[in-house]
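Two complexes, one shared chain (subunit A), two partners (subunit B, subunit C).
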Partner chain A sequence: MDSEENHDTAYISTTNACKLCKPLGACLAFRGVEGAVPFLHGSQGCATYMRRYIISHFREPMDIASSSLGEKQAVYGGGPNLKQGLSNVMKKYGARLIGVATTCLTETIGDDVPGIVREFRQEAQGEEPAPAEIVTVSTPSYSGTHMEGFHAAAKALVKQLAEPGEPTDAINLLPGLVSPADIRYLKEILEDFGLPGIILPDISETLDGPAQLDYEKIPAGGTPLASIKAMGRSRATLECGRSLLGQETAGRWLETRFGVPRYALGMPIGLQETDRFFKVLEETSGRAIPSLHALERGRLLDAYVDGHKYLFNQRAVVYGEEDLVVGLTSFLAEIGVQPVLCASGGKSGHFQEAIAEVTGEIAPEPPLVMEGADFYEIAAAAEGLAPDLIIGHSKGYKMAQTLQTPLIRVGFPIHDRFGGQRLLHLGYRGAQQLFDRLVNAVLEKKQQDSAVGYGYL
Partner chain B sequence: MATLTPEDLGSLVLDIGADEAKKELVGKYPTKVARKRAKQIVANQVEPDLTVPEIQSNVRTVPGLISQRGCTYAGCKGVVLGPTRDILNLTHGPIGCGFYSWLTRRNQTRPKGPEDHNFMTYCFSTDMQDEQIIFGGEKKLKQAIQEAYDIFKPKAIGIFATCPVGLIGDDVHAVAREMKEKLGINVFGFSCEGYKGVSQSAGHHIANNGVFTHIVGLDDTEPAGEFKINMLGEYNIGGDAFEIERLFEDIGVTLVSSFSGNSSYDQFANSHTADLNLIMCHRSINYVAEMMEKKFGIPWLKVNFIGAGATAKSLRKIATYFENPELTAKVEEVVARELPAVEAVREEVKSRCAGKRAMLFVGGSRAHHYQELFREIGMEIIAAGYEFAHRDDYEGRRVLPNLKVDADSRNIEELQVEADPARFRPRLDAAGIARLEQEGIKLSEYQGMMADMKNGALVIDDISQYETEKLIEIYRPDIICAGIKEKFAVQKSGIPMKQLHSYDSGGPYAGFQGAINFWREIDRLVNSKVWKYLQAPWQEHPELAAKYVWE
Partner chain C sequence: MEPAIFVERKNQIHRKGEAPFDLECDKESLAGAVSQRACVFCGSRVVLYPIADALHLVHGPIGCAAYTWDIRGALSSGPELHRLSFCTDLQEMDIIFGGEDKLYKALTELIVRHQPKAAFVYSTCIVGIIGDDLYSVCKRVGQERGIPVLPVQSEGFKGNKRAGYHAACQAMFQLMGTGDVSGISSHSVNILGDFNLAGEIWVIRKYLSRMGVTVVANITGDGRVDDLRRAHGAALNLVQCSGSTMDLAKMMEEAYGTPHIRVSYFGVEDMAESLYAVARFFKDPEIMERTQALVREEIAALTPQLQKFRAALSGKKAAIYVGGAFKAFSLVRAFRLLGMQVVLVGSQTGTKEDYQELHDITDEGTIIVDDSNPLELSSFLKEKDVDIFVGGVKERPIAYKLGVGFCDHNHERKECLEGFVGMLNFAREVYNTVMSPVWRFVPRKAAVDMHNP
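The block that comes next holds the complex of A and B.
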């Protein structure tokens, strides 16, 4: 197969998809805002399906309200249901923000959601309790994946909430879809640099909360509303994700509307992408890397040296969201693993290019890159590539089982293992954990494949 | 089939009565919403003739109240056709619907051999894009069916319509007919758009109508065996069907087809040759039993294999139906063989669980079936409700003649069925029916959940997330049974939670062995020590901990 060429999928249908739907991404993003309740304008099944899916990964409550449209509303329009739903969520949940995402149903019938919400706001004026903020985003599932929905919701949040005003010292950090553990770690990093940071969205507590004596209807945490409103006044925006190149993202909108300088970065996975990330933090803060993080970098490099003999020349298949795969591929290439196949269900148009950027100088041969791929195609391609390692979320299990190859679970969704919400992917610390897991997967396989029972490897 | 009389069950003694709790539940709703919800929340009261109060159900959920319910597509593709291993189920729609119904219910199956198809680990979708929304998706659907056929060579392909399909006017049935003709295999469509009906219940109906119309009756081969039955409404979550099948095998009964746990296409096609239909989940499939009775003459019996007592009773019912001393002896032998182990565990677990209180909000029959398992270990059910059931599942089939048919129900097709001229064969004559009645067995009968509940217990239809949280505040039950969406909110409130949709990672819970599994699990949950650690040692005097040293 010619790996230089962009792989064009031969199939019309999708068998075992490697992507989720657009409104799900929007719900995840809205869940990362303080006091927010995600709301789907459509059939109630969408809310139920997405709740159950998100919950199976995070093992946390995930309320998503719905306008519960039926056949009648599909014909006459869903406006009255949307208004009634918004009113009930405000009254029952004390929501401070309701993030309304559309679905296939309401996009196909052409409901004017911003218009309906405008009407609702006028009608609700003077009512008690004071109406919540309402942010709307268009997320037809027939165009794009959950990642497009995620980024669209992040953009809708800043576009509909950010206000002009006096500049602040804060920096905006738009990390993309990463784990709650990743976000907690990013917060630590910002704090150690003395940078007041606004991370949007912030699911670190809302989707990985503590057990408490009293249950909160809306979990604590999330990006504060006041902070989102202030994002146009920050001194810089760091936006992660190489696939976002040239797209109208939240960061780009803050740049064009408010002149907030935007640093476009890859997801900081592995040493090199993290170095770039830390360099920007040094620039924006005017401080050198805090010693704690310099030490972590040093230890990571030390581990790279120690573990190289195990990982060198191992062949890996990586799949998942484009930006996650690009980050992982960069990491794999730098530790001597040969990424042989990089696949995503996403189709931003920049995947191939981004993979080339991060592998170009270090990978001995460029990997096969598949965009808009499903697991039927990924598995077929993987079979011929004889991988030693498979890296991605739970949906690759079947392929890993068939190929008898270890699956190292990362990203979302992980529902056949415990603790997906606490996996660390980012930064030196995340790279350290990924590295250890990879080395151990190789050792475990080696041990398993031998009948002798060597205990000293 | 109330297992106990109202006198046996008695009344609940609660600090806060059901009527008072109801006021609290609906108190904060806007008037219109409160009025609607008030009809869906009732305090149970069983009369000597087993009549119970009316409960509103199978009505639309109020927008913005976070409901447990899913959609019509979920009921059709996910629940009923989900456990079918050798029908290739193709979702016609954008990617989400197919992805979220991709073996998420923990249905299990056992292919007969390595060459037997099993598509349950697959997820097939047309992955609709803008282009199809604008120009129509039938062409892509046909191509997808062709592709599926070329690659997998299935016996049959089912096509499932999602919301946009109905809106843009794609005709899945026309495509199915065309492709059936072209490929020479059975291809059928389901108009199960998510916005139809009020819950997944509509989807069950559409799915079962489809299976009945397109598959049942296609193969007249007479199966071997003297006592031939079908098992309806058992979906083999966590291996339940395997446990029931083991018992059938032991008593010498032939299971012709299961609908649809551990089922196969050929079994559906052959199912009209059975002599008795057993119904587990009344809600999702009672109409199939009725249609099979009308068309083929097969009587049906409501059974319950959840609970040791219920299992023994259901097996005895089968033996009574077939009126065969050998079968009766075998049933008694199996019951006698299984019960000692069950009893030992029951006594042990009961010593730790008796008096504890449970709430069940789940499904369309599970909230009923599991009550007996709890009762067997001395636990009380203080509140229960269904997610998508209808009045007959609560109040019994006696209410059927008076059910109002609203616009939503009218949208779901009722098949007009007549006796099949070649295949109709009455299994029982009037004398046979009379004999069964005499022996206490009523065919085509279900008395609903409420007749099996204590007076004063709360019955709540389509409970919302808000009401669940409120109920926890009011009663602090020892355990709540519901689904994964409710699980973590309940646990965060400090209450143990058992999933009765997908059983967490557990099961089987059916049959004798299942009862043991379930009691062990409930014992572990309600007697867990973890909750006492919620309060950290320094929180024991919170008013002190909150003060600074200089205060």
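The block that comes next holds the complex of A and C.
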């Protein structure tokens, strides 16, 4: 082997990234707003690549408009293309909101997007149809991951749309990047608590819609514009994601600007994180947990007991977005699975700490935590840790195949299985599904590895 | 409701028979129109990607690498370095101070780690803007490491996919003429413009071998750097998917006098004609005899199997929207063989000549469209009441949302659709989607049934 291979220095390049780029996250967030069209200010390829990537997971249309900059615009500025694009999207799509995210190209050539949009609005005054709301967010792909883009877009939405006024009874819920099924379930929970909720963003219908007679230019659903405007008047904000600690998020901005109290929570995955979530709902609603959910909690616990021996001391590798990994790790630790490696391509600076918080006194030993990691590094570390289970999205399949270890698919993207948009992760119900899948993965492996052919396990 | 077609785009749409044919094409995409096109980088990446023993390093932000990681069905019979996604993952500081240093280190460490036969370094939008000198870094690393390190000038904004094909061809051309050509048979070819999706190039190679023709280089499906280096020793270039590798064929013709012929391996007629064209080129009666026997044998085996599909599919309507127009020619003929009618055909990057040919081979009333978008495509699908739409991943949800069958004919597909066997697979794919009972429940059909119980 070449001597240079033995250097113990970190690699400067990335091999098989465990992250996506910032504008993709912004597009996903904008897709969760009623009447909105995501719009990328950049070259045509960005929009097309992201569309393909998102479509392959959700199996739904995902129209992302682009200002389609060419060489000339890259030199002289993309303003005219941006304006023409905005006008075209309004006319053809009938957009009520256009979420404009920048790309590395337009960030670097120095286009002043808010300024161009201001000009556009002035020029469009009095025109029919009435111009759409335009929300802009800066998402250069060379910093952060899709999650930073997602949160930046959510913050841009409230910052540019929320208005002061009379307080309402509503609760703002900022769940982070979760599945359409998760959001449908969150809505159900809020309803059962009698809480008028504003979930931002809400991709429950826009990225998991019914069969249609016509191609809907903009899929129905999404957080209503009026609701986003009213978020500064809500009674509280619940913001999920332990890695968001200390960051200027949508929830924090609503707190500083409008004094909306903010409850910072982890993603409600597993029993304990969900208990914390429900406790806040009990507090804010003044109601005890509705019986349906108490029952679901009870059944979950019952399942924990029934299945505990299958899972105890199983070693797990978990990867993906930081907040998802923290939630999953909390869940794994409480069911007796030992998280041996928690990895993310993200680098919020709070990952290690958040993992320590959720594993601290319950896990027998702290897991190896890798932030800013790629799959080459994750696979190399995993190999030495001899995991029994791997938990994450589709891009870890190669590693799972090499290690001959079951992969339990969660999160985004699911590109090699069907129904990723309908996977449930959150709450007691989501924990139940995850728990069943984990136990069954262990049983399946046992059955596969045995020549006996047990039909009764 | 606002009609789906932009005024600016109306000359890029033609309905055969309604007016003299004069389709506009080769234009920049209209801002805000949600074009199905990709970028220059995409064009280069798809062409070079299948070269399996080369290192493919994306010099740019992570997205460009992440979205092109192992998404194609381009198989390799040996090394699989192409299936890894390498990126310099440029960060803010690199943008400010320049990315050359990072590129140098990234290239060096990856070459040491993976020992590739060559490296391709893809430029992205951002690199074009910050002005990194890709050439000098590549040259330096190439000298230090003793392998070809080839810059690919694929800045995303510098045109569309076709510009990317050209950049890829230029990069590959650098390799040619550097390998030993001794011992290459006079009855030899290079296969250009086939990417070995689902093992397709292996099917074609087998046909050629049965004919007595040897293959020097696969360009690029199941491709190898050393084969590319000696590709100039082949007697003939077979160029499929003319958009992507025709430039390379022309460069080789000019530099090495290698003649080329255009071929297509899709559909029975085009497949057979392509093999005959090869046989005719070599002017060897034995090759021609073997070719005739091969085609006879394959068609005899295929025809009875196609009957069932043809009987069921006859009279159904198809729509086609693909990247390059060349593939559409074969698809029109393949559908005709199944007794089906093509009512819409379009492409992202077709040329004037391509569209003229499409116009000539399609029926009256067929819609021909350049650089379309979801709103147009969905309105055409509805208007023509089609039974199947052929396209790629981005076209799939348009079809499915409307309750229309779909066949993936793009780079992501995992079905072998080339050769005589490919025609059978294609027919089966079309049959499987068109004949599914699920359509009777979708709103489009349910609404019709409600009126005609």
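Criterion: the second predicted complex is superposed on the first by the 447 of 457 C-alpha atoms of A that agree within 3 Å, B and C clash if a C-alpha of one lies under 4 Å from a C-alpha of the other, contacts with A are read in each partner's own complex, and residues count from 1 in each chain.
The working rule: a contact is a pair of C-beta atoms (placed from the backbone, for glycine too) under 8 Å apart; a residue touches a chain by one contact, two chains touch by 3 or more.
Values in this document were obtained by computation on a predicted structure and should not be read as measured data.
Novice: For the three-chain model obtained by superposing on subunit A, do subunit B and subunit C clash or fit?
Specialist: clash
Novice: Touch check for A:G222: first (subunit B), second (subunit C), both, or neither?
Specialist: Neither partner.
Novice: Just to be sure I read the superposition right, which of the two partners does A:G79 touch: subunit B = first, subunit C = second, or both, or neither?
Specialist: It touches nothing on subunit B or subunit C.
Novice: Applying the document's definition of touch, where does A:G99 land relative to subunit B and subunit C: first, second, both, or neither?
Specialist: neither
Novice: Contact-wise, after the overlay, does A:G411 reach subunit B, subunit C, both or neither (first, second, both, neither)?
Specialist: neither
Novice: Where on subunit A do subunit B and subunit C both make contact?
Specialist: 11-17, 19-24, 39, 42-53, 55-56, 59-71, 73-74, 81-82, 84-89, 91-93, 103-105, 108-109, 140-143, 145, 209, 211-213, 215, 217, 398
Novice: If you look only at subunit B, which of its residues touch subunit A in the complex?
Specialist: Touch residues, subunit B against subunit A: 28-30, 33, 60-74, 90, 93-102, 104, 121-130, 132-133, 140, 143-144, 147-148, 162-164, 166-168, 194-198, 200, 407-408, 411, 465-466, 469, 472, 483-485, 487-489, 491-494, 534-535, 539.
Novice: Name, in rising order, each residue of subunit A that touches subunit C in their complex.
Specialist: 2, 4-5, 11-17, 19-24, 39, 42-53, 55-56, 59-71, 73-74, 81-82, 84-89, 91-94, 103-105, 108-109, 140-143, 145, 209, 211-217, 376, 395, 398
Novice: Which bits of subunit A are touching subunit B when the two form their complex?
Specialist: Residues in contact with subunit B: 11-17, 19-24, 39, 42-53, 55-56, 59-74, 81-82, 84-89, 91-93, 103-105, 108-109, 140-143, 145, 209, 211-213, 215, 217, 345, 398.
Novice: Which subunit C residues qualify as touching subunit A in the complex?
Specialist: Residues 2, 4, 6, 28-42, 57, 60-70, 84-92, 94-95, 102, 105-106, 109-110, 112-113, 124-126, 128-130, 156-160, 374-375, 378-379, 382, 392-394, 396-398, 400-403, 442-444, 447 of subunit C touch subunit A in their complex.
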